[in-house]
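Order of writing sets the labels: A, B, C, D and E. Residues in every chain begin at 1.
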């Protein structure tokens, strides 16, 4: 699954397949990373801490 | 204490604990774990490779020879040792142990083999030494020049000699003999043979080294 | 400052983050997979130097050369020996499984055993060889003291070779004539040859390698008949030269399947079919005039067969159309080197004299006796030349008595062994009781027909000794077991290869040190002989078996030791034969059982994949057995779809098989490869000795069949029995 | 077109000679440390790398004829080494070698998903449903040249590849690169008492199999599927050759598809 | 006693009653876990699979749950990409079902392999040409996506939502959800397809083999399509079941109607494609390998023409036609019948593409293979059902799965009050314990 793996070949199949995979994982990772970082910063700014029960 | 002080103090403690956990786990993983993972055993008889190497005519092959059918004999059997050691040579303690415990009783010495590969591996010494003209040192290191045998370490889970994974727990090897995993074999095979007989991996085919 | 659960949480998170960047989780994950690749309970074979040692296989009468591959001192594989003239490197599956018979600890008798429980209970106690031999000496000595030497009997698979000869010599020196060899088709052929040529003790062989037309009357040429590997090779040679194989047999055996023509003949009418072919050959004057001119009695034979066996006449009873009989007989006679052969299945039942005579006559008519590609009369090897010895009074007295099995005297004076009479003789106290029995290389409790009767006979014999290496059925019923080495652990001369034309001696050699506390039976005999009485001891001047063997083989030893066999490939038999055609032939006894009550005929089915001899089928061989033969622990019997329909039986379903001898639970396998009205039952299953890999699989066909005395030879003429089959 | 194999080991089995004796099966089992159980009658749970099939011409008594057909792994080439099984293995545990044409199975790599078994139309692949257990004493028979398999993985005929490994060792130690025809023979070939099996390099004109595969009665199993197997059969009987593949009622035996 | 955790404005059954349900499902779950442990410890000999049936009920269950779990990706796709906003009222439940289906599928795979400890080889030593590799990768990735989609739902629990970090996280994740949903749809397209490819690429198996484009056989596309078409039916069916159990209407009819209509049209188009595929296979592909299509449906104990008719007509065209008609959707009975048939239909398709593939002999002298699962296989296959019941029960009780529930099932003021009071008391308790958190 990584270029340093025994089975890895620099060929079209690997590039397409693993490319697609890492692309998707990249989006998911970036998305989650963004959410978490933003949340940390939001929380640090005190957002949501004293929010109204009936928002 | 104000709210914010308390809060800061509280977060300080949390940070401290985080760091404690972090460092603790690093110590555990990098230092304690490798110690626990491997068992250590001394060889049954103290053996001096350097000394023997001086005495024999044909270098390593004097004792670690090729059989007629091309297979490799590996660690010598007692019968080979007895050719010279029928009677004790010299007065060393190891020599006495060897002769009385093994030669006299006709018991094979249960040598612990550092370079023993797991059963699924087929390694052809003929291919590497006779055809490939590789030196023993390339894979076995300078054991032939050693004056004593290091303790044999074995992975408690897998039963495989530590020398296969290599001494470095992270799997990093500096010299060609530091470790002998599939990736190590493959590295050399790729560089030296360049063969791409495996349809799936475009390397040497699986059955070259596996059985 | 307060340490609360959030601190611990932080500690945990820190630990987790830290751990992730140490080798710990990753190495453990990797190691757990490597652990699964090297599970400690999956054996790892020890490596070592590969070396080969040639020897001879003695698991059947084939006499094949084997080459045992060893890793250091450990045999790991048996292969065929290329140099051996009989099997030329080929090997059968039994030979290939041979190591299982060496290593299978739960099957081996690992030390001398003395029975402590009831017979058959399997309760034995371990004793030393010293004790075992003393026990035997005492028992046998007591018999001699009571002047009952003749009440000792011995059953063995062979009378040839040094070990068997030592036992035979011991019997004579002891004072008993009761050395009984287990039967084979050669016994009956021998009688037929004696009757037609006057030659006694001739070994009959068939020159299949050079034949271009093989006409077989139920012989399982590819089912283990003769020397099996040789037969496979002969069949391939026949295939190569586009020769013909015709097989007369009620079911489509492997032999019939490979035959160019399968003649599904009604069981028990094979001899009629053969005589009918004789009639055709005579009628069409296709016989070899050179041969018949030199022979006598053709006219009488001619009128006998034409009167009784015209194809039209026997077509109905045999189930073979007259024109088919005529066609096969014609092509047989017209072939260059035709040979007819008998000996049903794997050839371990003698069959009727009528049948043997019929095929001898067929061969005679085409003039191929002692000719290339024909039937050969060879002689037994005679290298065993031991000094005469003097019997004492006890022995002499014992040797005055007739044999317990009625052979070699009276009505059956020309028959050498009649094991089929043994059980009756024991049970009916024929002339005298049997007080002691030795069993060597035989398993009569399993291989003899009518198992129930044999068991009763065994129960009546006060002292039974077995030399078996395995805990077989006979060993289970013995009082004393003196285990022999298995074939890979001992020397043994093998002076025969069943049905083989050339003189041949093979030498089985120890390829491995005995694994257990066993002893070569030759040595046991020598040791006992030396202790029972001086006169017996005098007959055994050798220190031990090996000395005896070396002395016996003399100048041949060196070659046998280096090569594993000796042979004379240039041998040809004498070309002239004084042949007399018979002018009347006694009818063979009819198949046992009431035709009204038992609507079907049960025939045993021999298969190369199931050894039915004295050694049980090892696990590898059993693994190859189809699920149409054995399923779980049920045996399957073959029946034709028509039979199944008439009896309302369904494929693979359970049924009850009943014969005059017994009843068994079976499953049925419906196949077009068997005649209607016939039930085929696999032979070689249903052991109750041995371990769980061998025992309790199916039913022993011998428990359901009986033996029938041939009116002229006294040999067992039976092949099958009447039976009925009903849904369970 | 030049073949992309260096060697292309294959087998020709003469069904006219095969007597169905089963020696090849045992020769294989005893050579390759194949395990066995007390009950081996459930054939679909019974590991037989080499299996002798028995089938009839479907006619009723007495026109019935029987054929025995030994079936090792066919070592399919498929297209360019993508045999039915090799291409589906998710963990690269089975592979195709252009050096030998052999389809390898690495037991320690296999994790037992059994996809390859589903892919193989010949049922040449077997799963270790149980831990291999040898009856007391019998593990001494195990050969060190073949690794015993553990529970939970797939195994199959390897064309006795270990014999080539040993033959190569011998050749190398004698300074040869080439292994002679008789130096590398499978256990079943060697054991067959009828001499029905011939083994060798299918693309080497000097090898026996090269000639035999061109026999007019030679055929392969399921050629129409495009599996491109390396085991050839010879039978002089038309119905046997027809049984080697699937045909529509009107089709003539031997009709090949374009693949 | 757990009312502080129950969402505001909705009514839930009493806690003991809830525990009774959990207990019953838990017992079944325990049975499944026992069987699972047996299989892990003793090996796959605990099953009735054999060398002819290497793929059996588990692989079918895997394919089936993923097909019916397809409702998650397709409704996500419809809501976030196509913009069918009404579906927000059912998407939570679809995600929950998807999460359950996919986690079950992964668990079954972990049970199904002979060497679970080496299961990770499928990633590490991946053979990119194998459909199973594609399945494993996409399945795992999409499971991560589903977890991400399910997470905010969990965090919306009344209690958890009070923690600022979680509250913010939920908010932020909702905002980025379209990205995740899109990625999920992309991944789903491939893994649904590759599951179809699993059988379709088997060129040694003429019953399964289909030609196609590039490395993908037609079954690849048919599987994706059928999962998109039939998956929502399962979402509807599961909703109907939950409504039946709770005795409440949880989703407005227009939402169901929309989903059913889309599903119906997907099914109809799918059926056309499937029939075309079947016809091409039956008349061209299989005969080219020497097989008369009748061979696949005759001469054996189980697989007859009925299975083809059942799959294509009764459980394919019939539900599709019901769902595309307004009348059909409007009738409660017809709608329910249609979704039930559809779910059976897609499961049957997966059955055929796994079990019948294994059953059909290929060598002319081979025989049909039959197989009946062992109790261990059945137990481990039922395990996910028990697990689903538990997870749905817990999620429904404590999470705001159905946004329209409160509106559709208004609770009487006093009840609401009582509920409110109870929860306030609980809150006070908590506050008492942790004053710092309240200030």
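Operating definition for what follows: contacts are C-beta pairs under 8 Å (C-beta built on N, C-alpha and C of every residue); 3 or more make two chains touch, one makes a residue touch a chain.
None of these values were measured; they are calculated from a predicted model.
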item: Centre-most chain [mean C-alpha coordinates]; value: D
item: Chain located farthest away, centre of chain D as origin (C-alpha); value: A
item: Contact-richer chain pair [A-B vs B-C]; value: B-C
item: Per Cα centroids, the chain farthest from chain E; value: C
item: Approximate Å spacing (C-alpha centroids) for the pair chain A, chain C; value: 75
item: Cα-centroid distance, chain C relative to chain D, in whole angstrom; value: 32
item: Computed distance of Cα centres, chain E from chain D, in Å; value: 41
item: Distance from the mean Cα position of chain D to that of chain A, given in whole angstrom; value: 48
item: Residues of chain A whose C-beta touches two or more other chains; value: 6-7
item: Overlap residues in chain C, where contacts from two or more other chains coincide; value: 32, 35-37, 44-45, 47, 50
item: Chain E: positions in contact with at least two other chains; value: 115, 118, 121, 125-127, 129, 133
item: In the complex with chain A, residue positions of chain E that touch it; value: 123-129, 133-134, 137-138, 141, 144-145, 148, 164-165, 167-169, 171-173, 176, 179-180, 183, 186-187, 190
item: Residues of chain E touching chain D in the complex; value: 43-45, 49-55, 112-116, 118-119, 121-122, 125-127, 129-133, 136, 198, 201-206, 287-292, 357-358, 362-366, 369
item: For the chain E and chain C complex, residues of the former touching the latter; value: 115, 117-118, 120-121
item: Contacting residues of chain C [partner chain E, same complex]; value: 29, 32-33, 35-37
item: In the complex, chain B residues that touch chain A; value: 182-183, 186, 200-203
